[in-house]
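We call the chains A, B, C and D, going by the order they appear; numbering starts again at 1 in every chain.
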């Protein structure tokens, strides 16, 4: 798949919730080819610390307008710098990168499990799914976070008309507990389902375990550092296991970030 | 003014320009082929190859540090045989000078890989990765006689241009550099990296599965410049390739001025995928604007403050 | 929960907390007395003193590098005699443990300074700056026997707690550390700095009058952590003081976790004048919040990734 | 002299000319004690590259409002970060630091020589001078830059009612040539004068030479890197020569940045 290294222009930058920002970038070739689950590497400024570009999932891509958007929260210096980018400024962007979510065939329910900032790629995926959904298919969103204010992207999910179930660990919104509890519950409902998940790695590990036990097709988008994004540095290694038990390392940046549940060896 | 001459000679090896990409940071080059015009590079150094395929280290393999990064990839590579059969044919589609980096656990292993490469065509040179890939491995760049053993073993198997790549962990680099040259290296690549370590204070765990890793990136640029300059003082006739922390034209100029004939871009590739070829353009513009006929004029031209 | 215990022991020397300021970066302490409550520090290490006053190097003495800096001050100081007569009386107004750093051109010079300091009162310990102050000087931390000579000479003149401060330029630090301890050092300060160099590409001149300088700051933190950890593995009983690139509580924790009993803040003082005492506060809060009774629990407590 | 390490709040941040910015900071103790020629060290963000804080001359200090202002241009990463500081944000500031300009006694004309961004401290100095000027004293400003758009602070100088003479090297405004030519010319006028200068070091060296030859009292504010600002690191060494010829190094940060012309050994 092709990607582009370009200077993207900030065409919109807005706060969507306390410490949740959407950044819209003019980057036509990326907008035209981006697929759900793919990401971009961005570098807001030329400072050398923080050094690496960071990966951000593509939240939306509008091929006509030539824009993509990403969704982030300020966590540390990198995202602080990102948040200061003014309208009209430029930043270096490489993308679209990686292999995204693939629609599973022959299922009636697509369950999207979003943990915190796992929501953006699933939101993009849901929007593309919706437009291709057959009458007997439905989408179920399970969104979880530690606290209510850390929930991400609910507006987008709701706008799609999908059912959304919410879990917060502190009970401040929806079910009080883990989003993986909602998943187990949902999988008890007798509908052939497929699961697509993005969130913290330990959540993904639980999602994988639940789906493997239930023999539910499952794809997860993993998080690792990704300095190069193109498969060159071999730093983003993900341990995988072949059916015959052989072990080696795949690259999260290009072989993933989306992997099939049965591939990943979480140890 | 006419177009400036960017070509440089590393001993017998002539490069169209002095901007190379550093081993291991640019994969086999093919990972970047859709983003970077490989033919514009001074040379492409592929990741270090070993005699047999290596799965590499367990994650975590990387950590970010202030203006730098630690890596402990553990030489993950397909092995020299697969490289020659599967990867090299695709690389032959490009005209860029191709340098293959070699690693091994013993002088014999290095020599076997070199010998295998000697029997193929389309290579511009070999680079010997003499640094320690992980704590359990042996480093060959920490003592003059170790370095010499590897270089000598390889030299006997090949007449390809041979560059010994050293880290700066072995104390005074000069005797090590000297012994590499005496054992038959045509030039030296300085520096590989510096040993470093990082801890995640929140989990209280090492950030790398291997604990110790290779520190690279802008943070080590002053160390690499110092190494190049000190070796240049001692061995003014030996072609040096400078590497460590290059992210801008200014950085390239710094390395040339202290005595590097060519440079390699490593970590910088991750700040901008096209950095290496962008630098070729920037260097051309710089020479043109400053009416410098050949880039070779800059090599070693640094002067004192006063 | 009760207030956590921040005190640490460096051999016989007990410090109220593990946060010291590093030699040469904090002057004689008095430069900061209106900004920083010196009595809150774990210890104050004054700039390195020599037998006779030194005017220091010509400018330029400093260069900024990515996440680091180069210095080549050339040991500018008033000399041990003036220090004792003029500066020390003012420092005696403070209760902070006072450590005097010593530099010299020969083991005898170190010993003479130590001997003069031994005859005064109010000092908590001595630190031996064994790094090379400029290219023309000799470095005593690049070979075990050189290190031992200085430490032994000083040890014979004083019973003050004695710390040998080493840079990471001499290759494998372990034998050097070992010889310092065998020669009588009560502990080790790791690391002084790393040799580095920078060029101004616009003027094509070295950025430092001395050409080579000392690289310090966050850039070298991974190198310093690696040094502390490697020496700790080899010499688990020897008190280590970690220094290099500390600018945050997380950095302090990293050094403690790899085995430093105390740490020094150097370049970090320039990012915030009150950084050192702010860190004492931050460390106290951290211990309280995590219900850690004594900071000593953290020393060497790093674990593997898996 | 006392200084403070504090978190100052950005209360105003405005562009005054293409690539000239004034930043107004709420920093009461600094505002109350700042003297002309003193400076502050600022750190716009916690990023570690660029590493050092940079010194900025205090352009104005309003003790009543508790604010100081600095004036800068975007030259590199540090000043780029500075320029992004939004209203209401905080930044670490240490100051006021150093020894500033001292009014020379027994002269009739105070000549202030400003090269480019040497203007801010002289502007502050002029404003304090004006209010203490005796009837037979006057102020003459000589402002120079390479090009017209690099001239700084002319509005402030003119607002004081002082005479302003301008030199640009390319002749785009005022006299075509160096500001030091204007100085030589001014010193030919038969008025007992004193000179106060700030600008690039090579300009200062010429100013010193002119004044030493003409036996005109002269103070210059030098520029060096200043990581600590308090005299601790000894990195900001300025070579000085005693009347007896002895040579040693003073600290620009605390002994200066303003030195007497006869002290500095420019080599």
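The definition used in the following text is that contacts are C-beta pairs under 8 Å (C-beta built on N, C-alpha and C of every residue); 3 or more make two chains touch, one makes a residue touch a chain.
No experiment lies behind these values; they were computed from the predicted model shown.
With contact taken as defined at the outset, chain A and chain C are each touched by B, D.
Chain centres here are Cα means. That of chain A falls 35 Å from that of chain B. Note: centroid distance chain A to chain D, computed from Cα atoms, is 52 Å.
One finds 34 Å separating the Cα centroids of chain B and chain C. Annotation for chain C: residues 58-59, 65-68, 217-218, 306 touch two or more other chains. Across the assembly, chain A contributes residues 48-50 that each touch 2 or more other chains. Taken as a graph of touching chains, this assembly is fully connected, with contact between every pair of chains.
Note for the complex: chain A touches chain D at residues 45-50, 77, 80-81, 84, 86. Across the complex, chain B meets chain A through its residues 24-27, 31-32, 34-35, 47, 55-59, 61-69, 71, 73, 76, 217-218, 247, 267, 269-274.
Looking at the complex, you find that chain D touches chain C at residues 2-5, 43, 48-53, 92, 94, 224-225, 227-228, 230-239, 247-249, 254. Within the complex formed with chain A, the chain C residues making contact are 66-67, 218, 306. Here chain A touches chain C in the complex through residues 48-49, 267, going by the rule given at the top.
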